[in-house]
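Presented sequentially are two complexes of subunit A, the first with subunit B as partner and the second with subunit C.
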Partner chain A sequence: MFLDVQDLSVSFSTRRGTVDAVRGVSFSLAKGETLGIVGESGSGKSVSSYAVMRILERSGRIAGGRITFDGIDLTAMSDREMRELRGREISMVFQNPRAALNPIRKVGHQIEDVLRRHNRATRSTAKAKAIEALRAVRIADPEARYDAYPFELSGGMCQRVVIAIALACDPRLLIADEPTTGLDVTTQKVVMDLLAELTKSRGMSSILITHDLGLAAEYCDKIVVMKDGAVVEAGDPKALFADPRHAYTRRLIRATPRPGAEVGDLLEPPAPSPVRPVPGAPLLQVRNLRKVFGRGASESVAVDGISFVIREGETLGLVGESGCGKSTTSAMIMRLLDPTGGEILLDGRPLTDTPAAKFSRDPRRGSLQMVFQDATDSINPRFTARQAIADPIRRLTDERPAGRVEELAAQVGLPLTLLDRFPHQLSGGQKARVGIARALASRPRLLILDEPTAALDVSIQAIVLNLLAELRAKLGVSYLFVSHDLHVVRLLCDRVIVMREGRVVEEGTAEAVMRAPSDPYTRSLLDATPMPPAAIAATPALAKAAE
Partner chain B sequence: MGPRTKLVLYRTLQALPALVGVVIVSFILTRMLPGDPAAYFAGPAATEASIAEIRATMGLDRSLPVQFLHYVQDLVVGDLGNSLSTGQPVVEELTRRLPASLELTLTALLLSCAIALPLGIAAAVHQGSWIDHACRGLVTAGVSLPTFFTGIVLVYVFYYLLGWAPSPLGRLDFVYLSPPEVTGFYVIDALLDGDVETARGALSQLVLPATTLALFTLAPLARMARAAMLQALSSDYVRTARAAGLGEGQVVLGYAFQNAMLPVVTTLGMVFSFMLGANVLVEKVFSWPGIGSYAVEALVVSDYAAVQGFVLAMAILFVLLNLAIDIIYTLVDPRTREG
Partner chain C sequence: MSATTPETRERGFLDHVIYVLSENPITAIAFALFATIVLVAVFGPILAPYDPMESNAARALQPPSADHWFGTDNLGRDVFSRVLIATRLDLMISVAAVALSFVVGAAIGSAAGYWGGWIDAVTGRFVDTIMAFPLFVLAMGIVAAMGNTVENIIYATAIINLPFYARVARAEVRIRRNAGFAQAARLSGNTDIQVLAFHIFPNALPPMMVQISLNMGWAILNAAGLSFIGLGVRPPTAEWGIMVAEGANFVVSGEWWLAFFPGLALMTAVFAFNLLGDGLRDIFDPRQRT
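What follows is the complex of A and B.
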């Protein structure tokens, strides 16, 4: 075996004692193979790969096991020997590519650093070789990009640079740790295809670490499923996803949004999906909404004349990639931003009467609420869950928080014993519940959900989506569901609009848009989303196409 | 003209309004000081008439805008007026004393950086080790001991007990002659003159006061260097650099420290400014003929031309210092070059 990890254990010393992050993990990889390590946060999938690279943080150490790379035991190597190996034999691509690059060093120089470190270039040849490395990852105009700083490049471009650094010295093993998390789906596809092609053409082995079953199924020859620091199942992706042995794998597959599944189907065991309320009178009308930032030469149109209606009890999906104007649109509806033109009507009365700066004291403020993408960053870290939920009750309603907080917590399924905890003492799913309870506190009629599940693991996402569906059935509230993922949006939405470059390119019922998209952009969005494996297995037509 | 030169020029232009503001504020502030300079100048035996006469010759009977105009006119030709107590032109006194203060401050700052930065970096790289604890101890001592106290202790130990240091009486022992003035910094001037003996004499006078000041400024610098380095070392780009196999030296100094420089430079600016304030005490302890002691003496006797000149000189120094820091920032961090 080219890479053989046997019985690997990694532990971290923390203030509360030793934490075993990885417990007896084994996997192996042959030359030219791609191994997928799949798992949710805290499963130890990244830590295992850091252990292979021997770049664990200071508090972590390899507590046991062997890592054999091409016959050499990596755990027995000195730090100096290991540094020689890194970048030359084994290299790594990370998530969040912009942060993974030195912000104040030209990208060309960062590539040169690696080339010169491993004696692949001299002072005189470094520049040409760095440009060559940029060209290899298909960066257009590499001569000009050589002088760029990371902040001047898009996320996808930054990831190409990170890949160029990783591949500069022709390593034999590449470890990609969630390489496309945070990138748009279309960019994700381009980056993944590029990685797959480059590793294949150079005969490299690779490890893909991901939480996305679809991605793993599409790009890997072998899959290892990890949970709580241990491997629960391993095997060929097709067989593994068609017939998962372990309950956890089954739950993961089930929780992944896929064509044909209802929101209740994501749960283990499947639950009946909550009833969808019948849409009533128009609640929110948006007419010809425009937002222009900057002036003169630096003018940029973020939202370019969009119109839509949300009825009472209806859910509208707003789908698009980063920079399409969906966040600007929701900020204008929330009255955090003043539009440049157009109208926003609530119950037929213009919301834009009150300028954004004064809207917090408008009596209609409580009718609109928002659930944010990052539950951690959007809750005051010094507020307990109780204080976070009570805050809008005090500010936006005449009710008393006592009693109402508990009622809301019960509504969102947050155990009352957790109410006095601080955000850092809560799990991701619990924080999401706090965020939803807080948004419901003022009894809103329209809830703007801004990628409410994007930061969550799939199994938690399934639970939160079901919670949102239940709340809608119970309270009759309308949702504007903003997301980049059509598969997720479809589960909750009656209608969907697709935005691109500030314009609506497609509008229709969720099913129709998914089944027969009329705009090529919607098509490309759908195609770029890696097909969840259960869908391939469950739908004969798709299975045939995937052959 | 390259984009960097352009940006440096632009930042320099941006400093001009600040300088104009300084001139206006220093003018108004000194007019608002209690006491009547005319009455003071006329002396205790003066009559109403003589005070009025003096006020007229000093131009103080005119309206504030007219006075300001005269003040600016004088300022343009470099005239800050005469000191009331010594009768000397303020400009001359300041230009004579400023180099003394700057020599002391800059030496102390260099000394402080030379110790604090490596110490902060080492403490961050070996977090939790003995060097980290040593760093913490030195930082605590540095901030908790006032300069006049450390100054006196140093004089007591190194001059009185050990006799290693010369007597703490100014910039140069009386056995030496002041070197011909070029930069105003005695050590450099003496070296330029080829007079190694005098240079050594000036340097030995400088050691104790500079150490006193450096001990005081060490603390914030070392602490900021450590914190900024810790943050940089735990960043994603350092992880990338490590994963690419870059050597520890390149990772720590090339990647982490360059990024950690930014907050350190900001702290350096702040340290420099409160150092000029702390100077006053150190100059007193070591009889250093700097502008700090000059300003204190002037304040005590309400010598308003001198005070005004001092405030203006300090303010200009601050503006220039901030300009220098802005420019360094621009050169280090490409992100600030936008717009």
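What follows is the complex of A and C.
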């Protein structure tokens, strides 16, 4: 075996004692193979790979087990020998390409660094080799890009540069830790295809660490599924997805949104999906809405004349990739931002007659609320969950926070004992519940859900989506569900609009848009989303397309 | 990430303080020094073995001994008593000055960081104007123009420290201006002032705590410096700066204790405040608490 990890244990010493992050994990990898390590956050999948690279943070140490790389025991190597190995023999692609690149140095120089560190280039040849490395990752016009700074490149481009750095010294093992998280689906596909092709053509072995079952199934030769620091299941992706042995794997596969599944089907065991309220009278009307940022030469049109209607009790999906204007649109509807042109009507009355800066005192403030994308960022770090939920009650309603906070917490399924914790003491799913409870506190009529599950694990996403469906049935509130993922949007939405470059390119019922997209862009969005084989098998139309 | 139930929260904070102090012995030393300084400032007059003003020509310029731990000065006053008594005055000047510049600086800086635009431009230039002067010379000028009183030393010290708070506050508020929790606060019906005061500003406090502690040391040094050159507190008041200034004349003739001990007190105070910063930040940042 090329890489053989046997019985690996990693522990971290914290102020509350030792935490065993990885407990007796074994996996192996042959030359030229791609191994997928799949798991949710906290499963120890990243820590295992950091242990292979020996880049654990200071409080962490390899407590036991052996890591053999091409016959060498990595756990016995000195730090100096390890430094020689990193980059030359084993290299790594990190999750956030912008954080992995030095923001104030030209990308070309950053590639040169690794080349010269491992004596692959001299001062005179470095530039040519760096440009060669950029060309290898298919960056158009590499000579010009050599002089670019990371901020001048898109997320996908930055990730290509990171890949170029990782591959610059022709390593024999590449570890990719969530390489496409945070990238758009279409970009994800391009980056993953590139990675797969480059590793294959160079005969490299690679490890893909991901939370996305579909991605792992599509690009890996074998898969290990991790949970709580241990491997629960390993094997060939096809067999594993067709016949998952472990209950956890089954739950993961079940929780992945897929064609044909209702929102209740994502739960283990499947639950009946909550009833969808019948849409009533128009609640919110958006007419020819425009937003232009900047002036003169730097003018950029973020939203270019869009119109739609949301009815009482209806859920509208707003789908698009980053930069399509969906966040600007929701900020304008939420009255955090004044539009440049067009109308937003609530119950037929224009919302824009109160400017955004004064809207916090408008009586309609409580009717329009929002659940934010990143629950961590959207809760004041110095507020406990109770304070966060009580804030809108105190400001927007005549009710007393005592009692109402508990009522809301019960409604969103947040255990009352957690109310006095700070956000950093809560898990992602718990923070999402706090965010939803806070948004519901003022009894809104329209709730904007801005990628409410984007930062969550799939099993938590399934629970949160069901919670949202239940709340809608119980409270009759309308949703505007903003997301990049059509498969998630479909689970909740009656109708969907697809945005691109500030315009609506497609509109229709969720089923129709998914089944027969009229716009090529919608088609490419649907195609780029990786699906686990089981999900494909469950849908005849997709199975045919896959063959 | 273990449980913190309501009843254990107060206890949790105490545990956290103890943890921070035990994890970082230097912080513990700084806190011990700080506590000593505060105690001396409060109880100085009770602790002092002699009247700091009482001169006694017969005992002038005696070296440190069991009777006079720090020796006596040229008028026969007990240096130890004078160093103790001076603590209150020096600490009061620096605390008042730092509090004043913190309040004003934080208000100016937060407003500039939150609203930007012309408020930022105007306050920015105002702060730049202060920074354009050599700060100690500016303080000298203010005291010379306004008169030689304790209040004026406080105002002068506050003015020259103000830019640091304004800049830190501006930067810290600015990066949080459009953070998710600030947006969420707006949706929760908070007006701009409320968003700034109750949501954004408290999150900017930890780095400002560091600034406060560094500044305290600097403010003490500044007040003593003004007195040293004769622009501060006037003799015969016991004050470290004056004592060093007066004692400096005697160092050449061998009576080193006159200047040495008040200088040592000054150094200890500055040292303690500078070390305090990191510890304060760790204690006031809730995220450091697990």
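Following the convention adopted for this analysis, the second predicted complex is superposed on the first by the 538 of 547 C-alpha atoms of A that agree within 3 Å, B and C clash if a C-alpha of one lies under 4 Å from a C-alpha of the other, contacts with A are read in each partner's own complex, and residues count from 1 in each chain.
Everything below uses one rule, namely that a residue touches a chain if its C-beta (ideal position, glycine included) is under 8 Å from a C-beta of that chain, and two chains touch if they have at least 3 such contacts.
These figures come from a predicted structure and were not determined experimentally.
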Have a look at subunit B and subunit C on subunit A after the superposition and call it: clash or fit.
clash
Thinking of the overlay built on chain A, is A:166 touched by subunit B (first), by subunit C (second), by both, or by neither?
first
Report for A:424: first if it touches subunit B alone, second if subunit C alone, otherwise both or neither.
second
Which partner does A:35 contact after superposing on A: first (subunit B), second (subunit C), both, neither?
neither
Who contacts more of subunit A, subunit B or subunit C?
C
Looking at A:525 after the superposition, I want to know if it touches subunit B, subunit C, both of them or none. Which is it: first, second, both, neither?
neither
Mind working out whether A:55 is in touch with subunit B, subunit C, both or neither, as first, second, both or neither?
first
Contact-wise, after the overlay, does A:378 reach subunit B, subunit C, both or neither (first, second, both, neither)?
second
Have a look at where A:357 lands relative to subunit B and subunit C in the superposition and call it first, second, both or neither.
second
First (subunit B), second (subunit C), both or neither: which does A:15 touch?
second
Based on the superposition described at the top, state which of 78-86, 204-212, 312-320 or 330-338 belonging to subunit B clashes with subunit C.
312-320
Which subunit A residues come up in both lists, the one for subunit B and the one for subunit C?
none
Over in the complex, which subunit A residues touch subunit C? Could you list them?
14-16, 334, 336, 357, 360-361, 365-366, 368-370, 372-374, 377-383, 391-392, 395-396, 417, 420-422, 424-425, 435, 438-439, 441-442
Residue numbers of subunit A touching subunit B in their complex, please.
53, 55, 57-58, 83-88, 91-92, 94, 96, 99-105, 113-114, 117-118, 149, 151, 162, 165-166
Please give the residue numbers of subunit B that touch subunit A in the complex, ascending.
127, 234-237, 239-248, 250, 254-255, 258-259, 332-335
Within the complex, which stretch of subunit C touches subunit A?
1-6, 9, 19, 23, 179-181, 183-192, 194, 199, 202-203, 286-287, 289-290
